[in-house]
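Note that the chains take the letters A, B, C and D in the order they are written out, and that residue 1 is the start of every chain.
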Amino acid sequence: MSQGLAIAIKDIKTEFRTKEMVFSMLVFSLFVMVAFYFAFYFYSLSSEALEPLVSPILWVTFFFAGMFGLLTSFSKEKDRGSLEGLMLCPMDRSAIYFGKVLSNYFLILLVDIFALIFFVLFFSYDFNGNLLPVLVVVFLGTFCFVVSGTLISGIAVNAQDIRGVLIPILLIPIILLTVLMPSVNATSKALEGDIIDAIPELRILGVFAVIYIAIAYLLFDFVLEE
Amino acid sequence: MGELEALYIGYSIIWLGLFGYLVYLHMKQVKLANELKLLEEMVKKE
Amino acid sequence: MKFDKRLETVILILTVFFVLLSIYTALIYTPEVREEDGWSAPKAQKIFYFHVPAAWVSFLAFGVVFIMSVLYLKNSLRKWDTIAFASAEIGVVFCTLAIVTGPIWGKAEWGVYWRWEDTKLTITFVLWLIFLAYLLLRGGVESENKARLAAVFGIIGFACVPLSFISSRIWQSMHPNVVATSEGSMSSETGIGLLVGVVAFSFLYMFMLRKRIAIQEMASKIEDLKEKIGGI
Amino acid sequence: MPAIEIKNLQKRFGRKKVLCDLNLEAESGEFLVMFGPNGAGKTTLIKILSTLSRPSSGNVIINGFDIKEESMEVRSTIGVLSHNPFLYDDLTLKENLIFYSRMYKLKKDEKTLKTLADEVGLLHRMNDRVGQFSRGMKQRAAVARVILHNPPVLLLDEPYTGLDYKAWEMLTDILRKFHEEGKTIFLITHNVELGHRIGERLAILVNGKVAFECEKKNMDIEAFKGKYHGLMGAQK
């Protein structure tokens, strides 16, 4: 486990030296928000009309920006050959997975928070004091997304030419029912102010996070091995 | 779309689909069998 | 070898028999459902005798992919991988048919093509997407561990779906107004009709599976021979 | 006790057989060089020995540990150096070494890291990013990474690729030093002259099999070259 942590720290450190990934994720999430804003421009949405759209807009942005991060988390290591260096270390292969989960979680959460700020600015949205419950949902939903996405990213990295398309193709059908739907529903409920109502969805997210981690723990050896 | 029409369309899609897939499999099999024969003959010659 | 040939003949005969029988039961034997029972399109309802079995057989096929993937990861024998791949392809064929015929009936019965609120529909659709992705993964990865990656994905994909089915009960309780099932009350004749359909399609699945595996084996034999000739 | 013991090793990729029935032994402290043309299965062999790839059948024992059953122990007894340094360009040399010592669960203080860097002649570049290093310096840094956990067995896969003369000499000196220290060295290369110069025992891999094996003292370079080129003709 300490090795997983070391990998995560190393990833975050290198990321903040180059800032390529975080920066492009941030810009991308900004652009998605801009796109949504102009797409709804014609309707000049009142705050009431906006209400049901808030959580779908947020989660679509989170997921597409997050997929950028997942794209490089393994391919960078694979292309430079440093993945082999990690695999030579005396530790369980799942430590690599856990390390990547931690670093991806950190980076994607960061982008999520910026996306939230962009959203508030563009749509001049007011959380009415419900920000805290929304953040709880965002933290849990993003965790579930990262846990499944890192596993899929490990699979897709083996397809040299088409790995860029393969991650969304493999990931989207997997997360539709297990992450996307519960996260969006829970966020809508949290926006209405009753986080208690959202507990069933949060439970689903928690259960699936555990399931994905268990699958990764069992099968990640097979994903990396040559 | 009338009820019976829906039924006819549904049935034809199911059976054409299945039959089409079977034909596709069969053609592929025949093609591969020919190729295999050719290669086996070549191996024998050598 | 001889046993294999005989088995093939037996499966073929049984397939043809049950397919013909299923057409008979679907069109003639089973009574028409009545409008009084809440069906707005009683005639179109007869699509069911093939629509439901197609969906069932696709679930069966995806289940086979799951089991074969687990077996392959356990002892990496090529035959498990071949079966998994063949089964996934056939499962997608059956699932596509079920998904296409569903809306045709739905339009006649409900007036809309699709009801997203119906969890059964949604889950079938998601399974279909997952196994389309599975086939793409098999086509896209050109490395030696393609089979292993596909097996891992097959396990993830199939494991998630029954679980989301269970969890969907929670969603349904949250949306009390949209509980919709695609079967109404069932008489015993309807049950028999569906059963015959399921049996017929299961045999058809077996027949296709064997054919698909045979094709796969031929293809790998051809590769072997090509290498041999190239090597000399 | 032999340091490396390979018995009936086979590796198939799908239907393709890369290694067939490979048998090889290296005594502890021995400098074994294996030659082979491209596609003979050299890299596959190193990958199996370093537990990156699983053998299809057969047994490999390294320093008394089975690579299939005790892969963790094997990984901590070997050091692998290939043409790729496995270092992170965006981290400094010191950070790279600290990272890898964490991965090997070693506690390294400033002083040991400095000694290590000094050993490969990079003390003055400790705090520079590896991305700015030249090819030769990167390879030297990689040597520091390899000997971080002081492994008794070294596996080297074409470590000379792309090195200039100076770096070449330096690597050779380091390898000699390790050999004198009693480390087992298993070097894989297609450079016959180099391998013959530094190796102690020589082996040739052709078509996934050990086609020839000899002590260096029993064969001079010209004879060995002739043998090698003769065997090359048999390669598919």
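The rule is simple: a contact is a pair of C-beta atoms (placed from the backbone, for glycine too) under 8 Å apart; a residue touches a chain by one contact, two chains touch by 3 or more.
From a predicted model like this one, the values you see are computed outputs, not experimental measurements.
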Pair of chains joined by more contacts [C-beta pairs], A-D or B-C: B-C
Nearest-to-centre chain - CA centroid comparison: A
Centroid distance [mean C-alpha coordinates] between subunit C and subunit B, Å: 18
Rounded Å distance, subunit A centre to subunit D centre (Cα mean): 39
Chain centre separation in whole Å, for subunit C relative to subunit A (CA means): 32
Mean-CA-position distance for subunit D and subunit C (Å): 50
In subunit C, residues with contacts to at least two other chains: 144
Residues of subunit D that touch subunit A when the two form their complex: 47, 50-54, 72-73, 75-76, 78, 80, 82, 84, 86-91, 95, 99-100, 102-105, 145
Residues of subunit C touching subunit A in the complex: 73, 122-123, 126, 129-130, 132-133, 136-137, 140-146, 148-149, 151-153, 155-157, 159-161, 163-164, 167-168, 170-171, 173-174
Subunit C-facing residues of subunit A, complex: 148, 151-152, 155-156, 158-162, 166, 169-170, 172-174, 176-178, 181-182, 185, 200-201, 203-204, 207-208, 211-212, 215, 219, 222-223, 225-226
Subunit D-touching residues of subunit A, taken from the complex the two chains share: 2-3, 6-7, 10, 13-14, 17-18, 80-82, 84-91, 225-226
For the subunit C and subunit B complex, residues of the former touching the latter: 41-44, 46-47, 50-51, 54, 90, 93, 96-97, 100-101, 104-105, 107-108, 204, 208, 211-212, 214-215, 218-219, 221-222, 225-226, 228-229, 232
